[in-house]
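A, B, C and D are the chain letters, set down in written order, and residue numbers restart from 1 in every chain.
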């Protein structure tokens, strides 16, 4: 093979009190798809941020096409030929797709500083078409586009910079299965053109399908770089999680109860789709679906965030849930997927966050009962092992895992009967993940009924007593305990009808 | 028709037409060329100031000081004229003072990073004080004949101030729609952090927008002074900022930034102008004029909100 | 240790800055004017600050919750004139007061309904209400001032108890009560929570709509109370009363350290901010400084206070 | 709670300070406050409706001249907007300063009652000027004439100019302003009694905003094509009306002299309109002289002297005293005499 297009040598990055990366070497050749793997907290995102110009490394050198260089900003990196597609979109939802792709670009400006709209639209449409987004009208404002179309715009934006190196962070996370295939086509085309691609994903199946090489990071250190032919799923997992692999999911040692706590009958998700299912006492019911399948809407409906038709029966009694307050009164609790936006109030203390849903119960008349609030907060700090010097500390200073425990804790205090967990371990490191899994198990054992909605297949498989698979607003399959593996699950969630005969 | 309804400004267009028709039915004097000219003429300074306010609101800010800037510049122009300075030079100097005021706002907002509303609330007090101070408490009036041209003159058979307003509207529509600087304003207002990632400097754009707003208010104040014929520093432009902000928001702008167009704003100004003119022409009791105006503003906002909800429902695809 | 201190501790530092500023103003004017430092003058100032102070209470809460109410001045006038008209029609004065307060609550409810229930932009809605209510005031009584209230009613705004104006005592009591609410009850947690992150509060099963609605109702109510006190103090209900009072109220709140984007602030700070602007005005009046320069000084102070906050905060 | 306590403590501390300060400084202040004795530092507070309008600026000059002539101190101040409650706050502040007399042009006749009572209690002399506050503790009212007289004069002027019949519109500064209401009511009554063929079509208010006054005038001539006359009841209205009429005449949409304009306006502001005939007669009095007379009367009162009918006030001339009213008389400004005014 030719010279590497990008070489990183001895890259270290220190934050106050934390060494995020130490002495990482990384080489990238033209025309290769290089998978970057590791658990959350392994240093993947730090490495990507250094590569894309967000952070400067504390130590180490970066060489691009043989020349030593540094990136002053993301824009600088892009101009030098290194583009990144973030998992979270950086789009201007008030602007058209085309403008998002070519925002603030001198080459689109003609005489008298006039933006050449037709050129801009044509180029943008061409780029979008080339990655299978032909149905997207690039003149439309991005806020009118669906999630997967928005992602296509993101990819087109990165490609518009004539990138030599393209970093793709969980590119398939938001895409439905057929779009993933199209995205692979694009990746293959880019590879053929000699673009080097850093492909970051948790999805094993994709890695084996698309990648040429794989590099694994763990705890800020590079474990190894290997050719894809030389690894198996098992060996990769081994490399990623080390010896903790067996203890991640605790052994389920108790059967769920018999009585039905929650019965959902024709609960509408939108005007055309509805679901029905039951949840038993002490059961962990997994709900799996690719983004856009409606699993999030199920949670929103059950928690009263969204209104619709259909019946919800709790312990056999019909319940009208039109607001989160109604849900809370029916002893339903909800740990939402995005804790920064929906879970914690950052400037407030752990104690204030933990007590938020329960304040009416923690008051004497109108006045807050400080003693009870303190005792309650300390109790749950200890129960959930929230690591902080004091519960009066602001939650902003906690790690992702501890923040997530605060979100879970604030609902446990309300002594719910039904707990909806959505993406309970998103952005949480491995250690905290195991702890949270243990907590979930313990809660189920104590008789709490849990609806687990997650896009992480291992999590759903490892924790659930039963798994419902949701596809385009319908429940298409049910796996009993121990029945599902990742491949089957993904297949059912992606294109169930190809297998025939399920419905 | 459906395409038309999807235009961002659709509700305000329809509402304006409805109000227009209503007044035309109530009063035969309303729907006449003369009266339409009159409505345009009465709102020239509003049109011009509203262009600046549109940009400010697009950036997610607001400018409470425009009325006071108008008072400062109009008073200065009056003083210059009183000194016997040539009307054109006096006008240019006045506009320069408007730019200066914009730079003061821009400095505190963009460079010192103090929130817009605080800065402009403060400069609202300060500029007003300065205006009345330099006026010495007297009216600026008895302007020379040559100065009348700015507010009342004709060029090629068209009202000069109207021509200026049309040119400015065209320039700023072009600026906002067709230039990088203009699109940057939308980008910053739409998603500040994404703009930063794309290497767009919010501070530069903000500074520029406040300076341009100062410029526009300067121009508006020259026209104002010439048209009205006298300037009272303590009250000139008193309720201007609220009215102009209302016009921008009625025209489809969002106080959170990123959404709005000059065309929409101009409709908003027109809408307010039609109401004020129409109510008087329709011989409504003067006591009812303000109450009705406020009610119609609220109604316009309600309609805008409904449109926004409708549009969000029309989002493509999935269940999420 | 310092890293563990949450954002809230900054507030007390800020309050200290404001107290120092207040003290500076008091000392400065005591030196500059022989008339400033006297009980009579201080009582005077207290008597004058009541209306702005009363409205500043809900305004502080609303700004903490991340919104704003620009219609308070018009609500004040609307309530005052409603009360006056009721009294003119022969209604008992205290029943009339009740009608005035109801009018204020009604306006607050309209604001609350549109802003909380239908999530409309608070600034826009309240500008609309500002114009509309002021217009309605003129409709109600054709702009003529209403006077001739019974002496018992003037007690509210003109009576001194133990040398202290009754309305000032009432204001301080209201501030203490509101401070208590904003410290010791769950309502305060909700208000601060909404100001910091509205979604989280909603996702915690708390009705954001209700909290916001209550806030705007409070704003209407306190504006109405301020209107009643104003009428009692001036012995006259006027159509123009309360014009631009929202600017004074917001200025006091901001100088008091409440953050314009919500989430942070305190009633104690607002109270100090209020004292700062009223003593500043009073002192400058006593010195015979023209109001023109007063406006400039007030504006500069506002910039200074906000700029300074940047320095020691965030 | 700590913070509230802290705040309150500061308050208490400040009040304590104030109490000590008051005791300490009493001897100094006490001397000044003694009524009437011929000390040389008599201080009067002259309080117009607001600061800014040319009318009040002219008044300020007169008040200052009186201060020089009489060798007294005059403080001239008011809020920037014609707001009753801010005005009263300012008067209260000045009472603290122990002025010997106050000359007030009240924004609200009733609202100044309590503060006048307080002033009277402190033996401060009270004179209202330009606008009256009857049924209060004010001792005298200094005016060019009564509101009724002025209103009637304006009505008569316009009635004569348009020949006793036709449509007339009123332009006022504020719909809620007492002196505006009184004058316009008087004008209406005068029409009803003397010119039954004159119809008052509407009353528009500018809220003291020049642009709004201008737009109002535009809308008036548009709405009432057969309008014959406009009366502007405050300083800003006649020039706005004149400007609009002149422009309309120039544009050819209105015939010259179709609309007669009169009103109350400072000569310097309407000079051009009077010279070219858009305004034939303007009613005014010299606000400087009005203020001068007010200060003079205050000084007389403070010295315990009598106010008598026909008494001669320097620079002002003989005044008519009717009960508690002091009238200095009105002036009619026409093309012939417009250049003779210096305000």
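The criterion applied here is as follows: a contact is a pair of C-beta atoms (placed from the backbone, for glycine too) under 8 Å apart; a residue touches a chain by one contact, two chains touch by 3 or more.
All figures in this text were calculated on a predicted structure; none of them were measured in a lab.
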Chain-contact steps, minimal, separating chain C from chain B:
1
Chain whose average C-alpha position is farthest from chain A's own:
D
How big is the gap, in whole Å, between where the Cα atoms of chain A centre and where those of chain C centre?
45
Just give me the whole-number Å value for how far the CA centre of chain A lies from that of chain D.
71
Compute the distance, rounded to whole Å, between the mean C-alpha positions of chain B and chain D.
34
Residues within chain B bordering two or more other chains:
128, 132, 286-287
Note the residues in chain C that touch 2 or more other chains, in rising order.
138, 142-143, 292, 295
Two or more other chains touching the same residue: where does that happen in chain D?
51, 80-81, 175
Which of the chains are touching one another, listed as pairs?
A-B, A-C, B-C, B-D, C-D
In the complex, chain B residues that touch chain C:
62, 108, 112-115, 117-119, 121-126, 128-130, 132-133, 242, 245-246, 249, 254-256, 285-295, 297-298, 301-302, 305
Footprint of chain A on chain B - complex, ascending
174, 178-181, 183-184, 186-187, 189-191, 193-195, 197-200, 258-259, 311-312, 314-320
Where on chain C is chain B touching in the complex?
70, 114, 118-121, 123-125, 127-136, 138-139, 142-143, 247, 250-251, 254, 260-261, 292-296, 298-300, 302-303, 306-307, 310
Chain D partner, complex, touching residues on chain B are 27, 29, 34-35, 38, 41-42, 45, 128, 132, 135-139, 141-142, 152, 224, 227-239, 276-277, 280-281, 283, 286-287
Within the complex, which stretch of chain C touches chain D?
11-12, 15, 19, 22-23, 26, 30, 33-35, 37-42, 44, 47-48, 51, 138, 142-145, 147-148, 154, 158, 172, 175-176, 179-180, 183, 230, 233-236, 238-241, 243-244, 266-269, 271-272, 275, 281-282, 285-286, 288, 290-292, 295
